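After this come two complexes, each holding subunit A, first together with subunit B and then together with subunit C.
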Partner chain A sequence: MRDKELRLIVTFHTTADAMAMEKACREHGIPGRLIPVPRAISAGCGLAWCAPLTERRKLLEVMEEQGIGAEGLHECMVRV
Partner chain B sequence: MSYRGFRLDGLSGAVYTYISGNIAGRELHGGCSERKRNDLMIYMDNAATTIHKPEEVKAAVMAAFDTMGNAGRGASAPALNASRAIYDVREKLSRLFRAGDPKRISFTANSTESLNIVLKGLFSKGDHVITTVLEHNSVLRPLYECRDRGAELTILGCDEKGAISYEEMETAVRENTKAVICTHASNLTGNMIDLERVGAMAKKHGLLFVVDASQTAGVYPIDVEKMQIDVLCFTGHKSLLGPQGTGGMYVREGVYIRPLLSGGSGIDTYNEKHPAEMPTALEAGTLNGHGIAGLGAAISWIEKTGMDQIRQKELFLMRRFYDGVSRIPGVVVYGDFETEKRAPVVALNILDYDSSEVSDELCTEYGIVTRPGAHCAPLMHRALGTVEQGAVRFSFSFYNTEEEVDLAINAVRELARE
Partner chain C sequence: MNLSDSKKKLALAGIICGVVAACLAYFGNPANMAFCIACFIRDTAGALGLHSTETVQYARPEILGLVLGAFIISVATKEYRSMAGSSPMVRFVLGMILAIGSLVFLGCPLRMIIRMSAGDLNAWVALIGFILGVGTGVIALKKGFSLGRAHAANRMNGYVLPVLMAGILVLALATTLLKSSESGPGSMHAPILMSLAGGLIFGAVAQKSRMCFAGSIRDVILMRNFDLLTIIGGLFVVMLVFNIATGRFNAAFETPGIIAHSEHLWNILGMYAVGFAAVLAGGCPLRQLILAGQGSSDSAVTVLGMFAGAALAHNFGLAASATAVNAETQEVVAGSVPLYGKAAVIICIVVCFLIAFLNKRNEGK
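For the complex of A and B:
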């Protein structure tokens, strides 16, 4: 198993929101990737955007600009 | 003379060539009988489904078979491929309908499913709904069910050409009227309803405006903002040129529709209720990712080719056919042809012949595929007085040719002489 590191995790209400997020981040050159929502955050299932902690400001800016609604913004240990 | 045609066995949509009147390299399996004068199929039932799809559509479906997992079910590469492809088509559809937010587009299997979800999910006991005799059974039957459960229904009539009265529509508004639902174009006559005018009337009275765009999406521009449409239902396999089993709806933000289905969503698993957020709220179960990928390619093809160009060609073919057949003694054509703003459909009858017999004769003797009978439009037929005879519907696509139209005119002329 890969080591765990602290990451910024954005969760969404729908898969469509997650897709919009990935697209917006790619277009704005923001690093990160879609991962399954870690169990520590949600007991359900779904996709989350996992990004370096340093990207918080840029992420929030892009989400506001693109009208992407997040369910939550978390800091979580995930395998990278 | 070069000629475009299809194999009846087929999925190839190949192009064949007439050389000195001979047709080479075609095979027929099923459909038309051995009495055919030639074995070319001329497909003029595009209002039922378009049989000739752009090559890109077939390629996209085949590629999807190799790459797509289940959209929204995990973050694996195949699942993400499907999620991305489907989201991409949401974006294309929201662009096509000027819908803004792609998340307001939910996918279904076809217009009928969309209309069932919308009508059964919007109306309750005591609600009054206004619709028209132009509607397809996919609107009428769900509405009749709503009426059986206590909703009230007003169905507006039409004039002898099949056109509705907008004044009458406004007069029908009551205190408990919740919505107006209408088609953009009759699938029988091709007559169109002025959506901008109905949308303005609906807005003025605080009504929801629901539109069935089955016959026009992809051929006529639809702007949900300008037309003040609250819910737009569409199918992918007709003028949008996508695969069968694709369709969907646009739902304006703030409009709540009780879901018809609940179940797998890929998110919020331990919640007893299906997610309320669009588009998931109206999408339970695995989506038709392969088909939706094809629909996306079809929309790209329409954008590349130009909707105006597609429409102009279809209307040109329709007008050429109408001009040819309307002069033939014994032929009656239904609908309003004084305007060019209509769906590319010509429904007719020859003398007192049964429309089914005429359609069968066109298929078996001429290889011309049309649709006879009632076209799932019972009230429109009743209004035109064609319940007994039905009508023979010729409907055109971008892939039809002038030569095909002329052959069809000649076929009608010959049958009218017999």
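For the complex of A and C:
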């Protein structure tokens, strides 16, 4: 079973924002991946962006540049 | 109890729901229908007089229990959020499509799994269409499909559907206003309090585990994530054991008495429309009831769309007929999809494509 590690989790208002985030991060070479929103964060069933904690500043810059609004930024233990 | 922090607990959630469905089937719900959202919404619509097909009219306590179970557990665990405003009328149409597609196949995705567990090969064929439909929805998501964000709304908005459901329950228990079938599937049901308890348990567990049939396949395609599929696996295994143990397992296409038909193309296309619409609406018919219970007015509108679609399917003769045995001749009469039902499914799929590719992320901002 994979270990859990502390990660930065970005949640969004819409699935489309999450998809846009994935595209933007791929284009800018920012590590991370789409995951289902962790149950500890929300009862919803949307998508979230999971990235290393060290990428917070770059993520915020890309979101600002691409006009992607986050619902919230969380630090959460997830399977990696 | 956290039902989603490990695969074992997710499987347990599916097992609990499977046991509920098996109990309801054992104690009187129609064979292999057990717990079907589309069929039960159709029956409840009939009880309210929204359609006049006399064999499918009964206020199913399971539907009322699902919404109320999700509502109670979300309030109790402080997860209730009154949200609204994400393209409500488009969601109403998607709800209609969910109901019409399901009634052409003769079952929602939940019943598809239950039919599969009983060896109904028609349901296995329909699974192909469902996966393709979800896959098409995923392509739309990747192309930027969005119905726009929901916003926080007055708490009263989220209370409306649970209160309406409670009102139907009161009418069913205390009056003779609602219609009730004397023959056919609508006359077959478990005791009312058992059905209500089953709905409440199923609703609470589905809320905690986020059970969703479309979401489970979406997550596998999009993220190779099998969490939600694990729940479905648990439910499938319980129903498979139940069907084998009670002699209800029969691996075949022509199986009179289980409310199914063998028009393969229309089984595939019916569930294709359901899978596609479910991804666009953000959840399968079951999930819409649960989201509505935990405060989403957008999902409540989708549920109303399902009621309208179910009524339309019977008023206009769109719903399929099931393979059955002629009581006099003892011959097997094949079930079929009427011409108008076929036309409706095609229209539903076209509408899904229009919704999928005309609603983009940046519109409406």
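Quick note on the criterion: the second predicted complex is superposed on the first by the 80 of 80 C-alpha atoms of A that agree within 3 Å, B and C clash if a C-alpha of one lies under 4 Å from a C-alpha of the other, contacts with A are read in each partner's own complex, and residues count from 1 in each chain.
The rule is short, and it goes like this: a residue touches a chain if its C-beta (ideal position, glycine included) is under 8 Å from a C-beta of that chain, and two chains touch if they have at least 3 such contacts.
The shown structure was predicted, so the numbers you read here are calculated from the model rather than taken from an experiment.
**Q** In the superposed model on subunit A, is it clash or fit for subunit B and subunit C?
**A** clash
**Q** Go through the superposed model and pick first if A:Thr14 touches only subunit B, second if only subunit C, both, or neither.
**A** Both partners, subunit B and subunit C.
**Q** Is A:Arg39 touching the first partner subunit B, the second partner subunit C, both, or neither of them?
**A** In the superposition, A:Arg39 touches subunit C alone.
**Q** Quick check for you: in the superposed arrangement, does A:Arg26 touch first (subunit B), second (subunit C), both or neither?
**A** neither
**Q** Return the residues of subunit A at which the contacts from subunit B and from subunit C coincide.
**A** 13-17, 19-20, 34-36, 43, 45-47
**Q** Okay, in this complex, where on subunit C does subunit A touch?
**A** Interface residues on subunit C, with respect to subunit A: 2, 4-5, 74, 79, 81, 86, 141-142, 144-150, 207, 210, 212, 215, 219, 222-223, 225, 227-228, 282-283, 287, 294, 360-361.
**Q** Which subunit B residues qualify as touching subunit A in the complex?
**A** Within the complex, subunit B touches subunit A at residues 71-75, 80, 83-84, 86-87, 90, 101-103, 266-271, 275, 277-280.
**Q** Which positions of subunit A touch subunit B when the two form their complex?
**A** 12-20, 22-23, 34-36, 43-47, 67
**Q** What does subunit A use to touch subunit C in their complex?
**A** It comes out as residues 13-17, 19-20, 33-36, 39-40, 43, 45-47.
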